[in-house]
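Read through the structure below, which is laid out as structure tokens, and then see the notes.
Residue numbering begins at 1 within each chain, and the chains themselves are lettered A, B, C and D in the order written.
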């Protein structure tokens, strides 16, 4: 259920509508928009009786939302959600393409810094690197844990890169929330609803990866779980789905990008590293992801992929990443997007005026 | 790595081999078999140097296990694992077919008792019913929580049924471990490795459902996660996988049963309720599951499916369950399995001598 | 569109209704049933105006069929279609389970006769063997062609087995129609509509295999293509679909059997040889197929699978086939089906009275 | 088996090597390259004995090709295959992006001409339009047949567009070969090996669409079937595969493009119309296809999609096609490709010097 306020509704009227909803035993989610405020109602296991709400001052209409998702929907918020990071130019969902790069796992300080230096120099604004790795085998490297998180925090201090790293349960989410800038929920946990709810109570943005066989609706519902707990800063990420095709590790489903953008205001990124599982496919699929209209990319880069403790086969070399950035910078321009170029930034401001809007 | 002891190796020699392995920084898992004891080695991120071990007294050979799973493998334990429940005839993995039946969710005491009475009368030895429900939508009924667990415990006391119910995170696993007889890990959490490890430290058997797009190897590796923490009482369950086919909600993959039985000593059940998602398919696919050689069935039964708070569309009526039990009893006989018949048990012992072995 | 005649409609009235339909530019398909005759109308690209037909003598009602298939549907014919073979006990779709067995390809006279002798002795009534093989590689053995068909015809003469063999285009269909008893259309040609139409003009029954990624509706529509040309003797066959699962070559979808039986009157068989692609899975999945309610099985048997020119890996040995027949004979009894037993037939008639109905 | 000739081998030596191969009972396929000629050997059901060939004058080496495909492989021909059309600038596989556009089916002269005029004006060099439509239902519009082919031929005469249209069996292939410039084999017939062989004897280029669940290897093997009969002018086309995902009709697998280009010298196009099945996804996925490196696009355009006799839901309007062409023209420039622009061509030659190479 969605309560749409009139465009000239007062703050007072909005607050009263929320109180009314809460008094009925539901939860109110006011979402301010450019034209008007909408209030999402959640917590209703049965139909909400719209009568009382429709007659309140400032209320324009009460919409019965037939789709199972509400807060993720463009029905509730027309404008794109843009996630910003205080004190930086970095953002996700705006005109500037968000580029997240780094190794699959933080293996040690030297490796992480070596990669960070290169991806920063090439123009990435975000650094990725797992401290907790969900591995298919219990006998595989499971990540450095909190030591890895400390290295990531140092990288932020040193290079100004925003940190994206995965949490795998409540305990690690507590730590990731403390050290990182964006909390990643991996594909294998996309329907770990307990973890989604915990992420919904976090104060940091959440990057949610699509499950290996998740439909669009299930993906959006997983985001809804996070938002229903009050955290509206959700970033979606397509990372390939499981099919019969065996020429790539997963099948990257780029048609999901326009499909998500039609239904939801949330930003959506593409991870061509996991999406293909093959180094030589990462750059062409990155170009395609930008061309299709994704809000950003998540790329695995390793200074020595052949010795990586995990997923080396899909990590690209720093030189390849430089080249990838050059290519997507050109594609981005065609689709009215912008990719920062540190090489030019030395002479001028890092974001052109047009891209700051 | 697997250390195979000689058939006449002494207890002392086995203990010494284990100590040696632990002193090398690994973890030893002695698995006694009918002929000989094998010791699984886990915790090795790199190859174990077999030399030292091979020369120890009582050691027959050291096998490099190429498959990524070890403890789940028939290489380490040839005989089928049979899980028994103290003080009862109930077992999983032996000649008696394990039948787990009950509603998708515990909705209230009356509903749960009504269903329990019927499935008990029809011959089920296990009762299922969710107290914590992983639902696609945050606005759907999420289960009764601990109140539901209490009702389940009462049902055990009243009918002697063993209780199978799902845990969705560390917190609920603590509670489920306390109240239930078998801890269920659902399909959506099959690769929630943090939860698997917690289940591996539980003192109760764990029923692990196959993920919606899990390969056989991933499924066995998930069981390996549980076993690698020391809990060897794992029960696998096929519940349908996600494909393009739309005449059923999932595609039940019965070929998985002989495939698992070839590679692993663990019991494997079939859940035709989730596996098809359609009431009218449950009985024919139950017959097929028994015929293919499954160790048991997990069936949703509801006294009023049309008003069920979750998954009513796939729950069968108690009368249909009676009929299903009659049919699988006959099929079971053909594949040398046994399904208890309470109707006859009034006159005699509930398990024939031949099935007690 | 479907014209349902009154139960006491005369032959004359049925003929007049058909003439009326044809005069309107459509095609009439009278389908006599036990209670009444129905007339399917095809060839209408737009809606048929029902008015004129409803007022004709002998017409009970005119039903707008919303499902895209008509002739395959139980709406038009409630009773199961049973396909019989003149001068023999063999049938498909009745109480007797149809067992079709033989090598993937006819390789030479000796091999074909050796296998035929064994499967006949074990109780199969139908012999399979490809003379034209659709192979993924143009450099693989493509079949013996008409020489293979001649060998098959000799096998019919020698053992009384009915012959099932594949046609791959118009030209080979002409030949197969001449030599064989059942014309097989393979999975790769399930949507070769030109071939389906040609099969629809054949005078022999057609065995249609499900395409590797065909939905139930597409499968039934392919059968509809055959029937729309006037050949109502269509036998469906599930042979596994393509999924991500890699423990079998295809994923055998047994839930399709009850799904087809609900919607269609056509018989449906199961091919566990292609459905699993693994010798050791054929027998358990055959048991499951009979238990789920299939009308028969199609099994690859080879006297020397390791040297087979095609698909040896999934062919079972004659001894394994003997065992398979023993097992399904017992399962069949449980689901009220009958499998002939030549070993007993020496003393008595090969089909018991009860199974002749 | 592949015979690689020395770079300075004479015509005479090549001819002699071919004669030798044929005299051994195989078939020789000389493939001239920029550096050297290679000769593919097909028709060998068992291993060819390389000894004799290796000692012939002009032969550099004899390579045992382990991959099942030979003629499609870059091993046999390193340079990209570029298909040209006599008397025109149109080509497929070169620097100029091939754009094939037109309605799903030719419905009548007016419709076909209206669409042709628009796509020609927007820069397409090829016109598509089905005269024979493989439809899931026998009751759907099946195409205009030869009348449709005549209309297509008129369109070539009027606008200079090259004609691409589908053949569905031997008979229609005879006709399509006569009227069209490129013979299309549809997804449903990708493993109709009889039709592939017939196409391999045609004198016109063949556009082969990927089957709905074809692996990369199966797709290349289907092309191999055509080439093994002597027709080396094969164009591949990705058109989406069947998966569980339901937000698009098929899942467009863009990673196939770099995968094909790595293994094969054949050009590969993308059909985002069938690949997504949704009008609003065609333009973004067209951009992505060009960005990933496809050699061209195949797009459904209809002047009145809502009244189209087939697949209207995925056809775009002529105005949308104009916009699509503008967008891909810009993307093409980034990946060093060229899209002709008739609007500019009035002032100058239609292909810039750089693109003529």
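We adopt the following convention: contacts are C-beta pairs under 8 Å (C-beta built on N, C-alpha and C of every residue); 3 or more make two chains touch, one makes a residue touch a chain.
Only a predicted model underlies this, so the values are computations on that prediction, with no experimental measurement involved.
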Exercise for the section: Between C-D and A-D, flag the pair that has more C-beta pairs in contact. Expected result: A-D
Problem - Of all other chains, the one whose Cα centre sits farthest from subunit D - result: B
Handout entry: subunit B-subunit D separation of Cα centroids, rounded to whole Å
Key = 51
Problem - Gap in Å, rounded to a whole number, between the CA centres of subunit D and subunit C - result: 36
Handout entry: Centroid distance [mean C-alpha coordinates] between subunit D and subunit A, Å
Key = 38
Practice task
Among the residues of subunit D, pick out those that touch two or more other chains and give their numbers.
Solution key: 213, 242-244
Handout entry: In the complex with subunit A, residue positions of subunit C that touch it
Key = 242-244
Handout entry: Footprint of subunit D on subunit C - complex, ascending
Key = 42-45, 68-69, 134-141, 168-172, 188-189, 191-195, 197, 212-213, 217-218, 221, 224-225, 228, 242
Completion exercise
Residue set of subunit A touching subunit D in the complex reads 213, 215-216, 241, 243-248, 251-259, 262, 275-276, 280-281, 284-285, 287-293, 327, 330-331, 334-335
